[in-house]
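Input: structures, listed below.
Common to both upcoming complexes is chain A, partnered first by chain B, then by chain C.
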Partner chain A sequence: MRSRGSGCTGMNKSRTRKERVDRGVKARSEDVFALSSWREILYLLAPRLLPVLVLFLLALVLPVYWKKVLVSSAIFGILAMSWDFLVCAGLVSLGQALFFGVGAYLAGTFHHLWGWPWWLTLPLASLLGGGICTLLLAPVLRLRGIYFSMVTLVLPLMLVRIIEATKALGGTEGLSGIQGFPGLGVELVLSVGMFLAALFGYRRILGTDYGLVMQGIRDNDRSVISSGINAHWFRAQALFLAGCMGALAGAFMTHAYMFVGMPVFALDYSILPITAAVVGGMGSIAGPALGAFILVPLSEALRALGALRIVFYGVFLVIFIVGLPEGLFHYLKRKYHQFERWTAVES
Partner chain B sequence: MLWGALLYGVVNSVTLALVALGFNLTFGISGIANFSYGAMYVLAGYGTWMMLQRLGLPLLAAIPAMVLATALLGALLYRIVLVRVRGMVISEVIATFGIGLAILELFRYLGFIGFQYTLPVFADGSLQVGPLYLDLQRVFILIVGGSLTGFLWFFTRYTRTGLAFRGIAQDEYTALCLGIDSDKVATLSLSFGGGLCALAAVVILPIGTISVDAGYDVLLEALAVCIVGGLGSALGMVIASFVLGMAQSVTSLYMGSHWMMIVNLLAILLILGIRPSGLMGKQKELEERI
Partner chain C sequence: MQSPILQVRELTKDFGGLRAVDRVSFELGEGESVGIIGPNGSGKTTLVNLITGFVKPDSGEVRFRGKVITGMPPYCIARMGVARTFQMARPFYNLAAYKNLVVPLFSPRVRSLLGGGYGDRDTVALDLLEEVGFERDSSVPYKPASVLPHGYLKRLELARCLAIRPDLILLDELFSGLSLAEVASTVPIIEKLQMEGRSLILIEHRLRELFRIVDRVIVLNFGQKIAEGNPREVMDSDEVKRAYLGTEADG
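Right after this comes the complex of A and B.
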């Protein structure tokens, strides 16, 4: 809609409004008829194949430094997607660092104490991390909205202080000398593979009936409960699914940096997923992934600015939440599926 | 030893109440959890420092100027940003959090770290309380904290603006029907919150140094007090700040100061898990949990 009055020329009429119409190809490719021609098939496949192709191409051609950036973008993307999956179940977390940090510390401890190799610690830390986070948050699963957010904001901060006060798990020093990956190639393939698996996996889950229940809980939890569905059990499952991926991201970072310390619970790991989701568009899984791939390279390019980067994150958050609340992904999706035109309004 | 802990516990409690006052007011009236509160606190501290050191203003002029400036900032925050996302709780939190983050990290980037960033005490000297001595700044904290709480109590009960505040807090639609402009009240509530925050900063900060990290701690402290007391409940806030303040000073006596912040966080977790509406909160029982 054009804003009030701006479409109004003088006293009389000729008001216009913006109209959005689905593209023909969208309507044609919605059903089994999509198979009727290559054009429709391509219309459906392009948005799905594009990220896969682009990511693997980038992994091949980028210089070494930017390959590292690609790895951390993918990892932050996973973290952001796990944040978004929670949002889809109506749980807004202000402390994604909890999942990240628990996974990171688990992987670090496994290797530090028992010397397990990375291919064992990654899956174990992921599953166990998801379980631990679910158990930690289980008592407050009944909380809604901002009350749940506050708990998640508090938990990672508290874990940091406890580690600091008890000097457990290496205390302020952290655990160093963790086994790294055998090569940059393994790191790249693993991180991009995990990223794509999370992206398509989460989107698939949300597309099924199971995911529909999750979104139902987000939209109206009471009506889900009154349809005889145990909403708390579903929320616990959502927490576990998100926690697993968050912990996996943390465990991966531990092995990539060969170090784990208190910074894994830092605010950065809570802010970045939120910023990525706000920039990319919440509730679509793909949006936060896109956001992470914009923000991480951007902040890498701005590395010379040092601490000013976090200022940019803050400003980004405000600009996007006020200016483009739907996020980039939803905007692009709309442009892909629909076209817009001005039509006259009869008055 | 025990008497010292008790006395400093009282000072600590009043400090907590003072810190939480503005946050509580804003949240209680407009329902906006102002996550940039800690940043406003630090901003007020550095702002006053700059007025004193760079502009050479006297303390008596700098304090009201800074309080007014922070109040104005709060009003602008609502008028420019929050009015567009009003009612969407998560967007409000993210927007205010983003602004707070930007302000705090900007100070960190500009290098406002060190021991020279400290505000002057109002008066030197100390007061003898039984066998103990209490420095005058802490006495000032007690006085300001007590009188502000009293003033707010009076204000929200016996003035038209204060009654309008409470009207909006109780039922926004009914208040609108009675001609109370909800946007105007929300703007005022944010600017009051900002002003109280600045006042707390200039009274409390002379005890230590101003640091960027204090911004995050203050936000957590304010959150802790408000959650434990019941968001938006004035009596609950006072009780909660005494519970937390005493608990903190006993903890730091017996277990070391590392554990002080953990007491806050633990209190938040416990209260949210057991009784999310807080010790004294009665309203909105259905909205916070299912």
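Right after this comes the complex of A and C.
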């Protein structure tokens, strides 16, 4: 089994324990890299290049049906990353469907009313969607923990009822006949490109001093405030950055389905980012992205099981939570940076 | 006394039916150090929260360098140069110790004080940690705050407070939980701050150490100021003895 650190030498009689040894560059320093050989450059570059290469390779070789799955994995990955980015700023959202739905309806409305093409609606829906979500949630940004989460849970459910009751934006019928993408190739390149941009972009932000302030707010916002930093303003910015990507994911789906309707505010879009983060590992951006690329294809693969699908899906999740609570990404990262060996323990 | 850096007038705060701080007034001169003592629950921490804006008073006012700061949001008060430590040292657990200081160094106050030319925040952070006694050449500054022992966390908290180069520093039980050796190594840091002319308010239960540092003490009991003055005189007053040690201390 996985033993943490020095393991449980006190309890059993074994004379050995697992020792963790840092590998390569990480052994010398946490973040001051002294690159001296190709080996080390490759050591650092490999985990960054790997997702890029694998994704574009998959985009080339998969059959058409699975190419579509790849597209939705990438889009849900973006949604999951936007969720995780909020977590990094100390905001736990139970309503990622709000971002997704607002973006989806904005793109749909832009095309429905004014006939704007997808390359215009995507960036506009993203920026405007991020802004709208930030404004909607701004009054509750002061709330911490579960109180903020509850409001995010309620908002998308409210919006969908408003659309139903007022028959605005197509009402229950939704808006159909939205412009699609010119081809599956464009769809693939665009979704994978957006996915990689979000992945590296968010990780880059979190690595800067600005990102450190966000993480400081998560750990202890009072310390941040007493340094003369307006924590609420930072939270609003985090919300905007997350909202933009969430809305972009929604806008993309509107054009991919050539339709937008009330289901974009469904609870599924709120839950999937959370499950993806649980599987992949929270607080790393890459974790939830990885999680989405496991869960979305899994969900498709289980389609053949019919009604039992959700049961197997649930069992898989439970196994993951129990077996690997830290998340897949954190586990892989540790394995990559360290190796374990058995050493004798003096008793 | 020199011109006051801080004036507290008739400050009052109720929590429900409990009067936590009751018409407390005092002044602090530029460069002066004052200790605030009192039994548990006497309103010391609430007083710090009121001054730094984390809690809004029901009545009374606080002036910093003549300007009324009551009602201002806490981050604005901090930007003016009022820094504090928290009683419970809660660092940014997920960040390395020196990265903990990069966060306050991001403050607009630091940027406006030092301009753009203060170089890399990481270097400034490591310098600050060295000032509060983190061994520069060891691995300690690079360790995540979550694995640091309590003594280091307290000094990290002090460094976080000093990072924004405050003029008025409020230290809420800085010595609590520290060993005698750790206290002994922390006192020179505070004395250095005094020599630099910073004004200090110390809340402390470790009276022996406190009395060596401060010019004056204020004693709180049930939210009221019951005594103020030279440490020795104050501790000789009967009312303080009763409040501090219970009624049996009369004998």
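By definition in this document, the second predicted complex is superposed on the first by the 293 of 347 C-alpha atoms of A that agree within 3 Å, B and C clash if a C-alpha of one lies under 4 Å from a C-alpha of the other, contacts with A are read in each partner's own complex, and residues count from 1 in each chain.
Here is the rule we go by: a contact is a pair of C-beta atoms (placed from the backbone, for glycine too) under 8 Å apart; a residue touches a chain by one contact, two chains touch by 3 or more.
Just so you know, these numbers come straight off a predicted model, no measurement behind them.
Peer 1: Just to be sure I read the superposition right, which of the two partners does A:Asn230 touch: chain B = first, chain C = second, or both, or neither?
Peer 2: Second partner only, chain C.
Peer 1: Between chain B and chain C, whom does A:Val92 touch in the aligned arrangement: first, second, both, or neither?
Peer 2: first
Peer 1: In the superposed arrangement, which partner chain does A:Gly306 touch: chain B (first), chain C (second), both, or neither?
Peer 2: It touches chain B, and chain C stays clear.
Peer 1: Between chain B and chain C, whom does A:Cys244 touch in the aligned arrangement: first, second, both, or neither?
Peer 2: A:Cys244: touches no partner chain.
Peer 1: Using the superposition on chain A described above, determine whether A:Ala289 touches chain B (first), chain C (second), both, or neither.
Peer 2: Neither chain B nor chain C is touched by A:Ala289.
Peer 1: Does the superposition put A:Leu137 against chain B (first), chain C (second), both, or neither?
Peer 2: neither
Peer 1: For A:Arg222, select first, second, both or neither according to whether it touches chain B, chain C, the two together, or no partner.
Peer 2: both
Peer 1: Quick one: chain B or chain C, who's touching more of chain A?
Peer 2: Looking at chain B versus chain C, the one contacting more residues of chain A is B.
Peer 1: What residues on chain A does chain C touch that chain B touches too?
Peer 2: 222, 225, 231
Peer 1: Show which residues of chain A lie in contact with chain B when the two form their complex.
Peer 2: Answer in residue numbers: 92, 94, 139-140, 142-147, 149-151, 154-155, 157-158, 161-162, 164-165, 221-222, 225, 231, 267, 271, 274-275, 278, 305-308, 310-311, 313-318, 321-322, 325.
Peer 1: For chain C, which residues are in contact with chain A within the complex?
Peer 2: 52, 54, 73-76, 78-79, 83-84, 86, 90-96, 99-100, 102-109, 121, 142, 157, 160-161, 163-164
Peer 1: Taking the touch rule as given, give the residues of chain B at its contact with chain A in the complex, in rising order.
Peer 2: Residues 33, 81, 84-85, 89-91, 93-95, 97-103, 105-106, 108-109, 216, 220, 223, 227, 256, 258-259, 261-262, 265-266, 268-269, 272-273, 276, 287-290 of chain B touch chain A in their complex.
Peer 1: Considering the complex alone, what residue numbers of chain A touch chain C?
Peer 2: Contact set of chain A toward chain C: 29-30, 209-210, 212-213, 215-216, 218-220, 222-231, 283.
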